[in-house]
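Chains here go by letter, A, B, C and D, matching the order in which they are written, and residues are numbered from 1 within each.
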Amino acid sequence: MTLDVLYFAWLRERIGLSQERIETDALTVADLVEELRAREDRYALAFSDLSAVRVAVDQDLTEFDAPLANAREVAFFPPMTGG
Amino acid sequence: MTLDVLYFAWLRERIGLSQERIETDALTVADLVEELRAREDRYALAFSDLSAVRVAVDQDLTEFDAPLANAREVAFFPPMTGG
Amino acid sequence: MATVRVQEAPFALGEEVEAFASGRTDMGAVVTFTGVVRDLAQTDLDVMEIEHYPGMTERAIGSIVDEAVSRWSLGDALVIHRYGRMGPGDRIMMVATAAPHRVDAFAAAEFLMDYLKSRAPFWKKEITEDGAGWVAATEEDEAALTRW
Amino acid sequence: MATVRVQEAPFALGEEVEAFASGRTDMGAVVTFTGVVRDLAQTDLDVMEIEHYPGMTERAIGSIVDEAVSRWSLGDALVIHRYGRMGPGDRIMMVATAAPHRVDAFAAAEFLMDYLKSRAPFWKKEITEDGAGWVAATEEDEAALTRW
């Protein structure tokens, strides 16, 4: 499966990327995070405390146990600070 | 004691006056209302249901048992509908 | 600090809001409320006439504003209230509050509105095709005061 | 019925409010909220930078507005939210609601603000003399959602 993975705010800064295309067999968001963590230190660092990270699948806010079946875009970011 | 007595909204319309100067020995607002009621039918009618009437003494909202000592201006009106 | 205006003339809502919100680098939140004359289909309102009690009106609104300033952390407050004749769609009044945080700006604006409704000496008369009638105060509006 | 605009350019607050409140003979109440960049004395803020998630932003705000429309009797709603670089005193965003009655207009505006704070994908970065830092979400803002 091909996924567009997006990073925002300090996750983007820590990983050094705003977007990348990934080939993965991850079944859930949590699986995908494990894959990313295993890649390089900068990913491991960015995802070291998941309580500070939020995730959206295809632009809908969701949880880390959400399935990735049919997903096209996964985004990781800190808690939002709009308004 | 000389008092300026003011009437607003439907009290003004029923009594047919917006303001009058009255010589009175009334000790409280309630006494003043009794005096006015005794004068003429239009006053009796305007003050027939005091639950629908509010009173201000010297431009401060108060109750019917409020004393009139040193008062200069008494105003009667229905519940307010500002905003 | 606060501004209170009781006037017969219309006010320019956009300009008032723009001016009120300008230059506030210490206030993160500005809330405004505007009251508009409604034309209810069933009544076919032609004219709204607002009577007030000159002198007491300014005094009563002043006290309400002072109370709001004492209860919430406000940078500024504005109240404009018209009297006289108005037509459907005309703006009757406006309130604006500026505060460091949104919770204070909202609470103060709602407090001002609840008190202006039932404690400022204005009386509304609706003049329709069928005649004229004084708007009755509602129990709802009176009850709204108990939450503060 | 509602309007959502996510833009980098400044917006003209006074003109927006004037236009939003115009021609509403069926809506008695208009409430607006404006968010302003604060310059706190202790930090000496130079620039506020707002990042967002294009696509999801419009979608998330749209859902929040739909939810407000389903909960309260609203005639209209407007949300404008900026992204990019801003300075102290600049307006970040605004919300406006129009309703027959003030209670609905206020509640819907507060609901929109609470959800925009924590559920719309914006992130604020403060750049001061001492460096740059991402604004942390507060527990207060998260807790504000539980009241709805």
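We adopt the following convention: contacts are C-beta pairs under 8 Å (C-beta built on N, C-alpha and C of every residue); 3 or more make two chains touch, one makes a residue touch a chain.
Model, not experiment: these values are computed from the prediction.
Undergrad: Hey, which chain ends up farthest from chain B, C-alpha centres compared?
TA: Of all chains, A has its centre farthest from that of chain B.
Undergrad: Roughly how far is chain A from chain B, centre to centre by C-alpha average, rounded to an integer in Å?
TA: 72
Undergrad: How many angstrom between the C-alpha centroids of chain D and chain A?
TA: 26
Undergrad: Quick one: chain A and chain C, Cα centre-to-centre, how many Å?
TA: Roughly 48 Å, centre to centre.
Undergrad: Residues touching two or more other chains, restricted to chain A: which are they?
TA: Residues 83 of chain A each touch two or more of the other chains.
Undergrad: List, in ascending order, every residue of chain D touching at least 2 other chains.
TA: Counting only residues that touch two or more other chains, chain D contributes 35, 102, 113.
Undergrad: Where do chains touch, given as pairs?
TA: Every pair of chains in contact is listed here: A-D, B-C, C-D.
Undergrad: Help me check something: in the complex, which residues belonging to chain B touch chain C?
TA: It is residues 6, 8-10, 12, 56, 59-61, 75, 77-83 of chain B that touch chain C.
Undergrad: Give the list of chain C residues in touch with chain B in this complex.
TA: 35, 51, 53, 55-56, 59-60, 81, 92-93, 113, 116-125, 134-137, 141-142
Undergrad: Could you please specify the touching residues of chain C with respect to chain D in the complex?
TA: Touching chain D from chain C are residues 12-19, 21-40, 88-89, 91, 100, 102-103, 105-106, 109-110, 113, 144.
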